[in-house]
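So, here come the structures, one by one.
Here chain A shows up in two complexes: once beside chain B, once beside chain C.
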Partner chain A sequence: MITRVGNWIGKHLMLTLGILVLLYMYIPNFIVALMSFNDSSESRNLYQFQSFTWDNWLNPCAPQGMCESLRVSISIGLLATLVATIIGTLAAFALVRHRFEGRSTMNLVLFLPMATPEIVMGSSLLALFVAAGFGGQLGFWTVLIAHIMFCISFVVVTVRSRLAGLDSNLEKAASDLYANEWQTFWRITFPLVFPGILSAALLAFSLSFDDFIITNLNSGTTVTFPMFVWGAAQRGVPMQVNVIGTLMFLLALGIVIGGEVLSRRRAKGKAVTL
Partner chain B sequence: MEALQRVFGKNAAYLLIGPAAIWLAVFFLFPMLSLLTTSLSDPATGSPINGYTLTWRVDNYVEALGEYWPYMMRSLLYAGIATLGCLVLGYVLAYAIAFKAGRWKTVMLVLVIAPFFTSFLVRTLSWKLILADNGFIVNTLQTLHILGEDGRLLATPFAVIMGLTYNFLPFMILPLYTSLEKIDPKLNEAAADLYASPWQRFTKVIWPLSLPGVVGGTLLTFIPATGDYINASLLGSPNTQMVGNKIQQLFTTAGDYPHASALSVILMVLIVAMVLFYVRRAGTEELL
Partner chain C sequence: MSLADQARGDLKLTGLHKRYPNGFVAVESLDLVIPQGSFFALLGPSGCGKTTTLRMVAGLEEATKGTIHIGDQDITDAKPYKRPVNTVFQNYALFPHLTIAENVAFGPKRRGAKDPAQEVKEILALTELTEQANKKPTQLSGGQQQRVALARAIINRPDVLLLDEPLGALDLKLRRAMQIELKRIQEEVGLTFVHVTHDQEEAMTMADTVAVMNKGRIEQMGAPYDLYTNPQTTFVANFLGRSNLIKGTVVGREGSGADAVVKVDMHGTIATIKASKVHTDSDHGWVGIRPEKVLIQPEGQAIDAPGAALSGAVVVDASYIGVSTDYTLRMPWGQEITCFEQNTGRRGGLIPVGTKVDVSWRPEFAFLLDSAQDAEAGLEED
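Moving on, here comes the complex of A and B:
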């Protein structure tokens, strides 16, 4: 048995090393899941496993302000995703389907936010808000504006790559079969691009939900979930934070796996009917 | 799309691109200008609530650089080492997925992205536990005499660099995978037929063809790592603070916007200069 495992590792050295790297990436998730069952009632300042309990999972909203911050993060995340996905998808269509003056400038402007450190983007937005006289009104709306800003580029990149890989013969075939432009768009183009739009939206939401550096500079007294965790880290982290972390991981995994299964089933179904 | 084209003529493209262009102009490009003017304002006469007036005070830059250059150097050093670490770890995994995973390719790709849906801060905090003074890793290293009796990992540069490496690893893996995946395995076989050793096959075939991914991945890792201050705050000590820590403190606790802005501008200029130099050297200018 041991020699067989040894042989397999020898034959698949790169794969073994790759799996080791993958395992390394999962260490924190394992710790987060473990700590979500930690009873920290004895000492909140000690960040280590003390004893097992279901309490954190049964009362996830026990820490004051945590679920409120979660609601703020979800609202900002959903609104930012909606606006950035619409604006970004339109821009992706313009860049792939149209030749217009200023196209290369636009490509550069879309690339820049992805190549700028968050601290620079956050501080320049803060400088703008203060210069425009909104220094005293930082909060929900300024954070939302910032999140839409840095999500747009990622949406454009994701949708653009899907759109560029589209077989234009499908659209030509539709118009050969007397579909008008709107029919072609809604029956052929849009459904084909939709998976790209969906993954762009998922990416935008997770970027917005997870953002700390830009949010911290522009949020005033509004507290998002990452800001709650940051504040708690200075005092002693409530273990419920780990419940939220584990839930998010499971939810995201479910969405991704669900999407994969669905697209595979659809591909199979098509193969049968053809 | 053609319907739009017919109604609005040539302007259809501008209607589609308009919202994104306006949003980025107003909330990305214009703020950069604000940052620049704030960095040249007199800190004594303005305030975060009332705003600042431009007085072309270049001294802000001299003072910011004079006082905080060690933080800047530390940021570049830590981010540089973390980027190298990411390159080694990321290359191994991306290579394994692209060439060795077979039908598990998609599953492994999903597994690369999945852990990062747990909040960045929550995951970084968990490293605090893993590297803790009485934790398993420190105890083992002490037993093996790799670490001294009262040696520690937490609050050292090692912890900060490790945190950066861990947090930005997917930004390295995905571009690397994209360019490795495009390589035709037949090229590798052809090199083997021509008696190239595995090492020669890697250095003469695989590595050169994966360069666009290497350049893209190192940029996507190095840039955010340089500006990061979360790892330095949670896993480091006052002696391991990076430039992001200082910028953040100057804005939020000290309320000294002009010096904070000057430091921000310096960071941006440094990064742009390094990126341009690096991309030229690597010969992949079409990437930009």
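Moving on, here comes the complex of A and C:
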């Protein structure tokens, strides 16, 4: 029996390894989902599954301040994503399409924030805000400014790689076919670069939503969701955090699957099978 | 679909010049008139300026000097999308996110055509793409993509259609089929086609007029037959087909008018060349003869050509290629010349390597080029 299992593993080594890696990656998500149904009210030990309950899902906002912190995080995330995506996309176009003095310096400068440790960036920003006289106004806006700043780099890198892979003859062909600059951009360039912009925006949102170190240093009295979880973890994380975690995971899963289905349908040619 | 009544005109390039910022002159003061409705080929090796010329006409490249006219209209500085010119790009440049029908409808929609859907239907039928209308470019074969690129351009009935090495990406068999297809479509729609290519066979098959370009200038221009039978430079003689170039000295001129001939001494043998095929004023020149015009016979046997024969040649290689045999002959003065002989069966076999042969040709096929020119010009580098 044991040899048979051994044989099977030997024959399917790649598959076995793949399954192990996937398990490694997804067990935490599974635990989070499981714990969201945990009834923790009777026990002191919050990290052990006691009994099944719908309570956490029915009253997700029960822990004081949690939903407020979630609202703050989502607002900052959406705003930072919007601004960083616009600025970053424009910067990516400039870097790919135009040859100007200082272009390679610009590339480096945009890359640096990605390589800088967050703790360094966070404390530098704090020093800057305080030195500029905003020490008393730390909060929503200072966090937003910080998030936009580090998101831009990621947007530029993502959009730039998409744009670099775009055949510039397509735009020439469009202008050859009577499309002016505006029409060429909206009908050819934008639709083709859009997947890159979309993934840049998703990346920016999750970076912003997730950020703790920079946020914690620059938030004043404002509390974001990661800060709430961190604070709550000192006493024991409320089970509702798992509800939010599961929802976020499902949302990400939905976006990825939706995107995949859409691109497959697009590649097939929409009316072929009709 | 009638367009004969529309006001169009010849494409006229006057003193067209392109100098890149790095100093490279791609096109040098080009003067060219391409008559309306003709199939014109710009033929040359890569880097000769043919594609740059095309891009200047399309408006994708700015001219440094000179003007471009279509009829009386000056389009030198017009934006690409304001020119009555369309391009079939080398890699087709089909829009990957649009269907074939949408790709083809792109031009008519931008121009505000009345019934784009009907136009698209007609043009897809003409290019035999009706079945593919709702597919995406990546689902099509190379030949089909090529036809989409063509359909997308000709649907706009441009005054001038530019084709930039349009068949370069296709395999040989498909390329031959598409050459005939392109020619048919051109005759059907009657547009001016300007075709850029480095493939001399392609240019000769399709075009009414071929301009051979080299180093930013036109070396020679004319009907394929004239270019082939009467090349004026060593570059044309070598680039368009192959040529044997034998050093000679002019020893006399006889006759007048259409019968005028020039006598040339080639290593002791006198060749007669029609004056209309003499392209040098000096006393020295290259006597040119196409390999298939070269006649050979084993030493001493009669050759079906009037005049003197060169004797003392030795067969150093005989390559049998079915319809014909390629012979390489070493001449007494050391030069190797090539002879293509049709395998009519008359000879009843190949002439073995090592055989001594006499060489001659009909005098009307020979031409004389300037000896100052490089005999190797236009040969493909390996």
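Just so we're on the same page, the second predicted complex is superposed on the first by the 253 of 274 C-alpha atoms of A that agree within 3 Å, B and C clash if a C-alpha of one lies under 4 Å from a C-alpha of the other, contacts with A are read in each partner's own complex, and residues count from 1 in each chain.
The criterion applied here is as follows: a contact is a pair of C-beta atoms (placed from the backbone, for glycine too) under 8 Å apart; a residue touches a chain by one contact, two chains touch by 3 or more.
Because the structure is predicted, anything quoted here is derived from the model rather than measured.
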Figure out whether A:Val261 sits in contact with chain B (first) or chain C (second), or with both, or with neither.
neither
Which of the two partners, first being chain B and second being chain C, lies in contact with A:Glu118: first, second, both, or neither?
first
More chain A residues touched by chain B or by chain C?
B
If you stack the two complexes on chain A, which partner ends up touching A:Val5: first (chain B), second (chain C), both, or neither?
neither
Determine, under the contact definition given at the top, whether A:Ile188 touches first (chain B), second (chain C), both, or neither.
second
Using the touch definition from the top, say if A:Val109 reaches chain B (first), chain C (second), both or neither.
first
In the overlaid three-chain picture, which partner chain does A:Asp176 touch, first (chain B) or second (chain C), both, or neither?
second
Of all the chain A residues, which ones make contact with chain B and with chain C?
none
Report the residues of chain C in contact with chain A in the complex, numbered from low to high.
58-60, 79-81, 85-87, 89, 91, 93-97, 99, 106-107, 110-111, 134-136, 138-139, 152-153, 156
Could you please specify the touching residues of chain A with respect to chain C in the complex?
167, 169-170, 172-180, 183, 187-188, 191-192, 266-272
Any idea which chain B residues touch chain A in the complex?
1-3, 10, 12-14, 16-17, 19-21, 23-25, 27-32, 34-35, 37-38, 48-52, 89-90, 92-93, 95-97, 99-101, 106, 108, 110-130, 132, 134-135, 166, 169-170, 219-220, 223-224, 226-230, 234, 244, 247-248, 251-252, 257, 260-261, 264, 267-268, 271, 275, 288
Given the complex, residues on chain A that touch chain B span 12, 14-15, 17-19, 21-22, 24-29, 31-32, 35, 47-48, 86-88, 90-91, 93-95, 97-100, 106, 108-121, 123-128, 130-131, 133, 135-136, 145-146, 148-149, 152-153, 156, 181-182, 185, 189, 206, 209-210, 212-213, 216-217, 225-226, 229-230, 233, 237, 241-242, 244-246, 248-249, 251-253, 256-257, 260
